[in-house]
Amino acid sequence: MTGAVFRETTAEPRTESVGLAHLSLELGHLYMEDFEGGPDRLRDHFRRVRPWVDAVRADATALAGGKRPRISTCFLIDDYFTRFSSPAELVPLLLDEADRAGLVIDYLARESACAVADGVPLAESVAGRLVESPPPGSHGLRPPVGRTGWLANGERTPAQRAREAMKSTAGWQPPRETAARRHSVFMDVELWDDKEGRRTWSCPFLAAVWQLARLGLLRHHGEPVLTASPRAQGDFPRDWDDLPPLLRLGDSAVPFSAYRTCSVLPSRFLPVEHAVRIVLDQVDVDSRALEQAARRSAQEGMPVPGSVADRVSYVFYTVP
Amino acid sequence: MLVFAASDKGGTGRSVTSANLAYQRALLGDDVAYVDFDFGSPTAAAVFDVPGALRGIKENGLHSYLVGEVGEPVRVDIWSRTEHPVLRDRPGGSGRLVLLPGDVSGGEFATDQETLRRCVDLMLDLTSEFDVVIVDLSAGRSYAMDMVLEATARPELSGVEARWLVFHRWTRQHVIAASGLVFKEHGILDGGAARGHDKEALRGAIRFVRAAVPDLDSPLWSQVSPAQSVWMERCDEYLRQLASDRGIGDSVVLGTVPLEPILQWREQLITEVDVLSTQIAGKETLEALEELARRLFDDARWGRS
Amino acid sequence: MDAPVDTTRPVIACGEVRTWLLPSFRPLAAQEAARLLLLRADERVLVSERPNLYALSPDTLTGVDCRLPTSNGARVRVVGTVAARASLTEGRVVQATAYFRAPATGPAARQPWGHYLVRPGVLEPLGKLPEQAVAQGVLAGGRPGELDLGLIADGLLTRLRQHPLLHKNTRVPFKSRRTSLRWVALPAPDGQGPSIERFTLAEDDLRTVRLRVPRDTEPSAVAGLCEDFALHDWLLTTVVRMIDGKLVPVEGQAALKALRPAVEHLLHLWMPRARVDRTLAPLWDVLEQESGFTRQWRTLSQRIRDQLALLQTIGSLPEAPLHRDGAAESRLGTAS
């Protein structure tokens, strides 16, 4: 007999829905080297971004059938790999330079929030949902990604050395992309490293978490995560830890998460974003969150692609 | 309990003696697994007389398991699969006796993290199911030895008792080699410490087994000339002194196995029938093996009483 | 009734349960069980304390692209994900199940991986799937390179064993063996209830079950039923082995040592049907009638209790020689 207690906690798991815009538009990613380039570097960045933002808006308007699309903009600051400056110093500068280029940043996020936000281990949760695309012949024996910390888009080159002294090596064998069209573009992504008992998530992996958050596909025990906090009165804090993981800067009513995302980034991010795609292609996303996004986008007449990775787009601009 | 059987040189009778230990422990009622990590030359199938059972196993042995080609290594139940006429009648009160063979065509192989992982899993599995797990290691400082030293240093295996038996013949070279295997640079102690073992604890878990030792009181040697007899005793005395100087004196010896043609030539289990009916094996040899099997679990012999 | 046949409907579900004593000296408490089974940081472990302590992990997925075992050698390549989950009963017995369901036909070529990710626990054939041949093939076990559910279940157990909760605490209170139970469920004829077609004690540690279940039965419910079968079969197997040859004659401390773990760790675990889906629960009655699980268990428990009572009453007598040494001596005696 099935006990009532058991049924209550298990049979009807609930997944809360989140507000969804049409498009989440990322205006940039700030690392220490960018900051060290001074205000000119930021100014130049936003100036280069501006025309693309206009183009993306035009495209979104067309997709929305000529109606005004719901677009929220966001900006990500690295406080995970290196800590620099302070919110009090940096954020006003950032907002000034965006404003100078005629851009509005609706949401500001800290990169460390993609690892842990408000005590919820987002990166660990996504890592736990990785389901590797099996190369042909996989019958369950591959070491799971959870043990190796590496994720590929195909089959790796077998180890070069002879596994056994008595057996001869077969010579070099190429790796193979599982979804290759005749020729392979093979990539193997390091998701994290463990040093001295501490796990550091890689930049591409955190970027994949960032994309999932912007697509409204992350939950913790069914509840939304990385929810935006309103801006507090007064100056920005002196310590990054005192800044909310996701900050709503203006009074924009457009939600942070969206059906699709677009990021305008310098072209040096291309390999990172290729890696992001490999991760997104192999994440078993919360099925109820997926279903919510699919249903609501369809109701609005702009259904999302089935593949999560196909909901993500980019504009890469070159730096002179 | 895990028991590792090691030797620096070949020809010590390590495999055949440890297989006999396994057999004796099973007769005492223990469930015993014998794990053939002698990757260079897996011979356990011959010792347990299970060639037929192994004919089908070309690929599913311990090599294939450790390198990740199969999920579980093959097990051979000795009592039911042996072609040895005596072993086939499993004595009442005896425990299980299971062989995990190497692959027929396998050789030594390098160890990586996944291999190590599987080795730890195997040890955990077997120790939760068997009273004694005897692991026969290749002679010398092998990959197999490195692997088990590393595996036993892992936290998962820290709750499992491990004992080491180092086999050597009773000759000058063998005594020096056995001592070197344990105490010299890159030996078991150094290698163990480098992998996280407590050196003193590891030292306390190592005992030596002197193999192929001529028993001067046995009838075999009763016909030798007085001069020969004196010479032999002097040699024996010299070897005792050497062993003691090299840190492998009597206090760390678990047992002595007499020079026994049946062990040297036939490489098989010694049963009572061999001693009592056909009389092709010496009574002393069987007694020595039985004694060794008892001492394996005699905590007083391991500084534990 | 005359709706066109939906080829995407599953026509077979298969699974394999591995049942195992948790490698820990003491049983885990409810909170520890929840930590152990937290296979996904963002999904809850289900913990229930009535009628006994039970914890169930969320499902995890393993991608496969390989052939299915078939009884007639037919080559059936499937692509998709196998679901696997682990449970812990009374903090003591751990079980891992790997299972999947499959439709009769699938796309002719492999699809992008995202297509399979949104169908968790489903393996799609490339072409047609002969469910009868697959059912027999899965129960018989595959050849190397064919889908091996046991491997995936074992992989999950291995993962649990690496949990820091179990480090330094791995000395088990008694020896036991890991058992496997393979199951297949085919659709019952329309309008008919579930049935057991066969329950086999195959090899030493392998059981196989062939079921018919109504079409709308969730595979996880079948997995739950088979886990319940496997748990109780493991209990019987383990206790039978534990007391094998130890009930008579009375051997003082040795017998006590052999029987105590049964009382301390196992006898209270017998609770068939504790969490079996209502529609499948009647299958337990069938099993009871056919193989008398509970009858055998009651007899065993009673014998153990009687024996312990007997040992207690003669506990003041001088200790008898240990069973093992006695056996060794008598052996020499008879041979000479």
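Letters A, B and C mark the chains in the order given here, with residues in each chain numbered from 1 onward.
In this section, a residue touches a chain if its C-beta (ideal position, glycine included) is under 8 Å from a C-beta of that chain, and two chains touch if they have at least 3 such contacts.
Values in this document were obtained by computation on a predicted structure and should not be read as measured data.
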Starting at chain B, fewest touch steps before arriving at chain C: 1
Reference chain B; chain at largest CA-centroid distance: A
Contact pairs, highest-scoring chain pair: A-C
Interchain centroid distance [CA atoms averaged], chain B/chain C, Å: 35
For chain A paired with chain C, centre-to-centre distance based on mean C-alpha positions, whole Å: 39
Approximate Å spacing (C-alpha centroids) for the pair chain A, chain B: 55
Per-residue multi-chain contacts in chain C, two or more chains: 148, 151, 155
Chain B, residues touching no fewer than two other chains: 70-71, 117
Touching two or more other chains - residues of chain A: 140-141
Chain A residues touching chain B - in the complex, by the definition given at the top: 140-141, 143, 147, 159, 161-167
Touching residues on chain C, where the partner in the complex is chain B: 21, 23, 25, 144, 148, 150-151, 154-155, 158, 161-162, 164, 166-172, 175-178, 245, 323-325, 327-328, 331-332, 335-336
Partner chain A, residues of chain C touching it in the complex: 39-44, 46-51, 54, 56, 60-67, 79, 81-82, 98, 110, 112-115, 117-118, 120, 145-149, 151-152, 155, 159, 273-278, 281
Contacting residues of chain B [partner chain A, same complex]: 39-40, 63, 67-71, 105-110, 112, 114, 117
Complex interface listing, chain B residues touching chain C: 27-29, 31, 59-60, 70-72, 91-94, 117, 121, 124-125, 128-131, 155-160, 272-273, 276, 290
